[in-house]
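In what comes next, chain A is part of two complexes: it sits with chain B in the first one and with chain C in the second one.
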Partner chain A sequence: MPLSIAEKSYLYDSLSSNAGTRPDGRLPHQFRPLEVYTDFLPSSNGSSRIIASDSSECIVSVKANVVDHQVQQDLFQVEVDIAGQRDDSSEVETLTSLLNRVLESRGSIDASKLKLTRKYSYKLFIDVLVISSSSHPVSLISFTIFSALNSTYLPKIISSFDDLEVEELPTFHDADMVKLDVSPPLVFILAVVGENVFMDAAANESEVADNGLIITWSGDKIVAPIRTVALNNSDVKGFNPLVLQRGIQMVQQYAGDVVRAFANL
Partner chain B sequence: MSSIISIAKRKGAFQQSIDAGFESGSEDEDVNMSDSIDNGPTHTQESNSTEGHIVTPGELVTDDPVWMRGHGTYFLDNMTYSSVAGTVSRVNRLLSVVPLRSRYTPETGDHVVGRIAEVGNKRWRVDIGGKQHAVLMLGSVNLPGGILRRKSESDELQMRSFLKEGDLLNAEVQSLFQDGSASLHTRSLKYGKLRNGQFCQVPCSLIVRSKNHTHNLPGNVTVVLGVNGYIWLRKTSKMDMARDAPSGISAPGPSNGAPIGAKTLRSSDSVSITRLEEESSWQIYSDENDPTISVSLRQTISRYANVIKALAFCEIDITHERIVSAYEASMVYPSVGSLIDREVMETIGQDVLTAEKMRGTPS
Partner chain C sequence: MSRFEIYSPEGLRVDGRRWNELRRFDCSINTHSHAADGSSYLEQGNNKIITLVKGPKEPSLRSQMDPTKALLKVSVNITKFSKTERSKTSHKNERRVLEIQTALTRTFNKNVMLHIYPRTLIDIEIHVLQQDGGLVGTLINGITLALIDAGIAMFDYISGVSVGLYDTTPLLEVNSLEENVMSSVTLGVVGKTEKLSLLLVEDKIPLDRLESVLAIGIAGAHRVRELMDSELRKRAEKRVANSTN
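For the complex of A and B:
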């Protein structure tokens, strides 16, 4: 969305002022409302669809496969598809690698929850489809993955846990499913304008942002990856390192509320 | 918690929800349908009488072949069906369905807000949210240096210094081309580049065409309600104040010696239309905002943007009175940011409608 110079300078002056007035009047740490649908894809283990109030929309499906975890270390695999963009475009590839990094087995997520036996584990294939997005989609995708993983049910194992001595393949109960209990990390995107940071920047705020911060949060603490990202092509500037600290503080302070809001659905 | 994020859980998705809704509410609808098919003549009479009722795509509008089929309809076996969701309109023998949601269809005389999409040969292409971009000819704008100035070759070369890609302007639809695209003009001081405020967009079907589309609102804010659903909210300028002041002789100060019929544009410093020349200097194409816009005014503008979005969310037609009434209703919420919540938006919409009923304003 190209903005006129007068619009940009009005928005920039509003956002960078001490009061930090946002165009929709939100507080700096306030998110826009979301609508969540879960468990609607019959052929996947978990699914979620989030529609943001600016009609950005993202669908995530989680499917499981049993793998030998000595052969395959990574138990999460994320594939991102953004409508209107090629699979090998830089944005899609950056997002895919970022999200794979967030859900890395040796990272902050507890992969032992996927362990079936001493030899076998579940491997989760997370397919992301961004149907439309007017600003940087990483936060929306992360929230959708979060709610999809929290609504994932996997078949219950009925064979024994120790299968190193007796070579046997795990067998599963016909009907019983077990709720997956991982606490996936959340990725937040913050817009930096002057000395201020803003959570969940709308399209017009992104357009004037000096820079963007990607901050990952998992279980009460900030984890890797933390990155900067350009939110627009025209007005990217450097920022005061203190702003990064303030952004991290903001995420730490309010990420718990987001998790609670998802839990209270 | 709700001050940080509000997440609403919705049930079902895609086909399931449609199925579920259909099954649960299908009974009475089915009865209705079979009724109307059984006694066909009654049905036609009924649909004749209920002018402006809502039809859905594929719904039978009439089986009377005398009607000429207009936009939004199709014809099969002597029956006319609706091809869009909207209201039926009958003009003489022409039957058409006006869609509830569509791109903006320009009409001559509409006051629109648009964004420059392209600078071309002696013309700008303007995005007005219609099916095609509108055209703004170099000859249909006020050039710096006055109304009597002739446009020259140098103007063609420096078109980007007047208006460039992304610029917002308000304009009037001057005429329509054969294909339905519009030609705009900004040959009045009330049209031109927009500054000192922020942009907000609503579906164009919610904007009611009226005599005046620029309104001064309480709180020193002026709104430009483009008929195409593009809305500009800005700090009230001197010119905006003059426009609302009683025109002509009732303006404060000694009556000037302007010829009868010459309207005073700025009552405060008495610049009449005869001095248009000085007014249309390079200033009208400046990109500089007024440096004195205060934080509280910015918040008021944000509040207006939010109440307009709330009205649009409730599918309430947007008029000057309703914006003011919604703004007053929104004052219950001290934080502007709380107005983006669904419940709050619904409450404001309810309040506006209730206030209208109490006052008995014709809607």
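For the complex of A and C:
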């Protein structure tokens, strides 16, 4: 819902004040409650559905395939579908490329966990469906991918690891599954208002934000990509570079808590 | 042919049902109360679909406005991960999906009282999270539930069900294994009547067997209607109880 000029000015002043008062009274690093459901699609290896309290909703399915890793180097493939948007719209394409970059095999994620034999690996197809979103969905998508990968079970291999000498295809156990143990990166989005940064900006906060920061967290450190993103198309301004540092510090301080919260599901 | 025994001499099907048994049916409405005006989540066997109804609302395009009645738009999004084997291409502009959308629009055009919502658009959006045969029947049920949740005036329930014909035996509600080896039809039945608002025949089927197929289909659709009705009444009772407290 578009805000009036007076509402915008009021919101901007309260968010950019020294105290950084948010309209719903949250602390700058505080998230709104999330509902997470995992493993609800029996035909996928892993699945997750997150519903945010503003009813933004994202569904992720993880399906695995066996590929020759000498031919296909990228073992993660993310595809994003946003309801009501074409597949070739700029928002969908930017999100897809960003998330593929986050989950790059050469990047921060440990792709060796997907290695089956000396020749074959699992390739994971991560399909994202955003049913509704009221603010920038990248953080929601990233959390959903994180919980989907953490609930992924892959068939257990029973043939030998070394298959270069004997040409054989990997064979799998009929029933046993092994839990996938990768620690996927998380993407945080921060709204910049004046000198303040805010995590998990609501729709009205995004509307007045000067800019947005995309910061990626993997394991226990900040990793690439770090980007800025426009959260609205009317009030985008530049920001003090010190704000970036502040944003990075905030992610460093609180990302561990988010990871632990998801790990305890 | 298939490795499975589709219909055993003892009268059991691959998933253990008998010829006249429905699959597990689990539905809920008002699941996305903020994102849409009406919504439903439906599990019919291993079919899982989310239906969102947005409207009646002002259409964004002038061409979508009819001064005498509302315009009904159905879009079916079959996700790439909906089948066991992931599909590489998006199903968005596939011929079969477009045909399903047209069939659903025509079915509900006759059932929704469009004339009382002139100059508006009713946008129905369906996401298929998982499919396992008899998809069109499930889509019909999902739309019926979501339209009721949205409070849009309709003449009656439309309940959908698919029926296969194995040799001479009609099998109620085929799953994907059965759908692949036999011809099947999909029915949309109006309320408690024996009127059909949709008969979708995508395969060849002997005309002299059609009667028994339709008979079990209508009986199955009536049962589906009862299941939807009981869920809706349960829901309504809860709402009434909440509002009086």
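For the reader, a short list of remarks on this structure follows.
The rule is simple: the second predicted complex is superposed on the first by the 265 of 265 C-alpha atoms of A that agree within 3 Å, B and C clash if a C-alpha of one lies under 4 Å from a C-alpha of the other, contacts with A are read in each partner's own complex, and residues count from 1 in each chain.
Keep in mind that, in the parts below, a residue touches a chain if its C-beta (ideal position, glycine included) is under 8 Å from a C-beta of that chain, and two chains touch if they have at least 3 such contacts.
The structure displayed is predicted, hence computed values, not measured ones.
After overlaying the two complexes on the shared chain, residue contacts for A:2 are found with chain B alone; chain C is out of touch.
By the document's definition of touching, of the two partners only chain B reaches A:31; chain C does not. Taking chain A as the reference chain, the count of touched residues is higher for B when chain B and chain C are set side by side. By the touch criterion stated above, A:87 is placed in contact with chain C alone, chain B being left untouched.
In the superposition on chain A, contact is made by A:17 with chain B only, not with chain C.
By the touch criterion defined above, A:161 lies against neither chain B nor chain C after alignment on the C-alpha atoms of chain A.
Common to the chain B and chain C contact sets on chain A are residues 40.
Residues 32-36, 46, 48, 50, 52, 77, 79-84, 86, 90, 92, 125, 127, 129-130, 132 of chain C are the ones touching chain A in the complex. Of all residues in chain B, only 1, 3-14, 16, 115, 165-168, 193-199, 287-289, 293, 295, 298-299, 302-303, 305-306, 309, 335-337, 339-342 touch chain A in the complex they form. Interface residues of chain A facing chain B in the complex, by the touch rule stated above, are 2-7, 9-11, 13-14, 17, 19, 21-27, 29-38, 40, 49, 53, 204, 254, 257-258, 260-262, 264-265. By the touch rule above, chain A contacts chain C in their complex via residues 40-44, 54-55, 57, 59, 61, 63, 65, 79, 81, 83-84, 87, 125, 127, 129, 131-132.
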